[in-house]
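Both of the next two complexes hold subunit A, though its partner changes from subunit B to subunit C.
Then we have the complex of A and B:
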């Protein structure tokens, strides 16, 4: 495990741990809510990065795994009266399973065709769940308030959700780092550069891609379950938001695709920027347009993202900016 | 039962032409420069809104407004190409996807700030045509006729004018076209403009049939993807065919199952066709 000897991994994990502990000790609900959203996006962006950044496959509708996994987990908690922990795990496994099965078909497509197919998958899933009776159809499912009693009341449950998302975000970042430093990750990056050449060099591309797809769907499934558990309800409209999917892509692009730190920084800065625009009276109504302008400027002028740019500019920092 | 079937099939068929028109714009842009234009939906919205505003504030007949809307669409497309697309035209797909999505956010953001999310309706009824049991509103009929007319114009333009030929040349092989002295950047910008023009005109036609909000373009953009994939990405004629298939499906499916299942079938078919036959029914380009 070469990765464990590198400073980068420990630095990121330490930063995330300290952040969580600070929130925990300050005991401030507002801070907890902001941190929950930020950490959720850190997890979502980092897991998507395994597919997008390392393997080079643009999954435009990646939020489908957040939605499907979340739905599955939420269904188990609310209807089958499972405890949150196994339900969240099943949500993640379900997301990964769907991804693996789906991957067998759609991962044969390349480039823009793959991106289009993932949009289609997300829309199909949304439309399907909209009609699927056990998941409550268009109205969705909601949690009976008494369920929170099992976790020591709704206040405690909110803290629990925060704690879980914090742990999952850390787990995602560690996984992302380990994948990048592993032989498996090298195979993925070879696929990204030139899939045919990688196959000639002995990378089992179909299998590697499917694993990457499943892995990148696992964490969103867990995060989805926690997110909807915290909200107390789930609706198709909320679970399969294409816009959220694309925002995650933007975060990765902003921070730098294919790096471990990039999605973390991207998620934090994008969410902070949006939060600022939303509350500022001057920009409130224009926040969507301004986010668009910011995105366009990044795509056009800093396509490697912040971390990619820093790595180019300051080669000495490459040891820590993985 | 049979009457109902024929009525709903006719409705779907006529609407299919308009779907096809919107999809043709997407298909043209993909065919010429391999860019999936995620700003397609907002451009459709621009067409709807422009028609509405011209009708309400200027009192312009919505069908005459189409000419103005076409001009707006063309100019908008040129602006989008120059500001957002040109720099990323040879970059990986993710860049052009996100760049056009950024345009999507900008347009919708501005509309949201200026017009808000209310539903708009062009109150311009033409009555309906009845032949026996068949009942067709004139607005649907005119929309289909308009879509066909624009398609014919597009065909004549692409095959019988010099600029049209250079568009096809660039679509075929950009380098070779440049070697033959075709200014490829200008042709690319023009193609993007034409694609937007088609989207805006389709939006304008849709607004004469259905009420809309500023977010209504989105679903039509998704439908355009489905249609393009059905007919073959980059093949404008295939787009028209795909539009008709989709229109007929929308007329047909509600007879057997609740209407809410229509998108499930549509997008299921979309993914299926992509996986089994990514070049579409008629083949790409």
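Then we have the complex of A and C:
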């Protein structure tokens, strides 16, 4: 595999591995919680980037797969009393399946129409779950605390959730990298640049888009299950937060869409910034407005994002800044 | 016959874009397709490579009916196309553009093979030194060559060229014609739409003439240019044209 011989991937994976190990050794709950959120966003942003950055389809409602996959996984853990691992996997597969089926319809739309449809899908999913009895309707589901006993108590379970989200974040980054360096990824990027021309060149666009959509929904489903497992409950308004979707988008745009490193950097810097804004007395109710302004500025002035800009500016760094 | 087109009819609302167009193309030939603006030439290409399904009629490529196949299936069977309005994949490098053709075309090469094929094709069309540039940064003549390179990257049996000479200056036209003849030498059949009349007349073995969606003439280039129907299509009434040319009108 040519892709594995380049330094970029190994650097990112090494950085993520070291980060997780440091958190593990310092054994600090606050650091663990911050890192959980950061790594969760690294995973969410990197998986959305497969659709947004590589394929060029802007999904505003991508959080729906985090919500639906998370709901499914959580349902299996809490109601069906499954173990977390298979439940999380099923959560991911469920997200991917829903995406593949939805894709048959919404991936026929392009540009703004696709983006609007994805918002509609998220709202529809929320309304559906609100009225869906097995998932607890509007009040959602919660976990019996004795379940944590299976994982060595609630303290251990929190560490387990961190460890899993850490592994998934790494897996997402590796997947994103491999897709980008593959023939499949080349087809996706051809679709991004000009879908009709790509089809005339032989790219099976309908199938490739569906795969990209399903793949980008798989990891959010797993992450959702872990997230709600850690929280101990799931509710519709928590699972289908549209602003979370849009923030993920801002992260990708900030870091650099279509690059592997971009969503990682974007997730880290945006989350840090948000953390600062939320505790600052001046900005605490304005953080979403500021992310809107940030998105506007990025699109107007640095549409390639930080990593894209660096790649243009310093072509020699291209081996590292994938 | 590498391509058989039978009774192709296509209508857009009230506009009869193509009516009962039939022709054959034998392997190794260069067939020119000419006609006034709006005659349906590009529509015919779109029907042949599957962008639009025809209302009726059929397209047979290498013995297989490809009439209603989507464009990517047609491409995979070895029928490639270069667009009139260039459509580079701007944010990909020139080499990657050609690799898309190579990876998803007839041979379905792996990435490593595709990059080798791309390098060869770029030498053939004279873009080898631009391989690492972004496609969006090329000038018009280079983008035209890239269109050609991308189509060639897929190692097609048949190449549809839609006005690859348009917008080029005379020296660029001459070198592009050389490239086209070389492509034919390498065994690829060519169907080309062209407005640069002198060029199409020199390279084509045969010429088809479309006017208002109908095939009004076909034959050797010199037969076609003297056909009164063709002159009428281009210049209006042939008698009037003749008188005009002879200076009888003021």
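Just so we're on the same page, the second predicted complex is superposed on the first by the 319 of 322 C-alpha atoms of A that agree within 3 Å, B and C clash if a C-alpha of one lies under 4 Å from a C-alpha of the other, contacts with A are read in each partner's own complex, and residues count from 1 in each chain.
By our rule, a residue touches a chain if its C-beta (ideal position, glycine included) is under 8 Å from a C-beta of that chain, and two chains touch if they have at least 3 such contacts.
In this text, all values refer to a predicted model and were calculated from it rather than measured experimentally.
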Practice problem: Classify the contacts of A:111 with the two partner chains as first (subunit B alone), second (subunit C alone), both, or neither. | Solution: first
Quiz item: Just subunit B (first), just subunit C (second), both, or neither: which does A:201 touch?
Solution: second
Exercise. In the overlay, answer first, second, both or neither for which of subunit B and subunit C A:39 touches.
Key: neither
Practice problem: Have a look at where A:123 lands relative to subunit B and subunit C in the superposition and call it first, second, both or neither. | Solution: first
Exercise. Go through the superposed model and pick first if A:246 touches only subunit B, second if only subunit C, both, or neither.
Key: first
Practice problem: Give one of first, second, both or neither to describe whether A:293 is in contact with subunit B, with subunit C, with both, or with none. | Solution: first
Self-check item: If touched residues of subunit A are counted for subunit B and for subunit C, the larger one
Solution: B
Quiz item: Now for A:23: first (subunit B), second (subunit C), both, or neither, which partner does it touch?
Solution: neither
Quiz prompt | Which superposed partner A:168 touches (first subunit B, second subunit C, both, neither) | solution = neither
Quiz item: So in the complex, which bits of subunit C are touching subunit A?
Solution: 49, 51, 70-72, 75-76, 80-81, 83, 87-92, 96, 99-101, 103-106, 108, 110-112, 114, 150, 154
Quiz item: Okay, in this complex, where on subunit A does subunit B touch?
Solution: 52, 56, 58, 60, 105-106, 108-109, 111-113, 115-117, 119-121, 123-124, 126-128, 130-131, 138, 246, 249-250, 253, 257, 285-293, 295-296, 299-300, 303
Exercise. Enumerate the contact residues on subunit A facing subunit C in the complex.
Key: 2, 181-183, 186-187, 189-190, 192-194, 196-205, 258
Quiz prompt | Of subunit B, residues touching subunit A in the complex | solution = 30, 34, 36, 83-84, 87-88, 91-95, 97-99, 101-110, 112-113, 222, 225-226, 229, 233, 258, 260-264, 266-268, 270-271, 274-275, 278
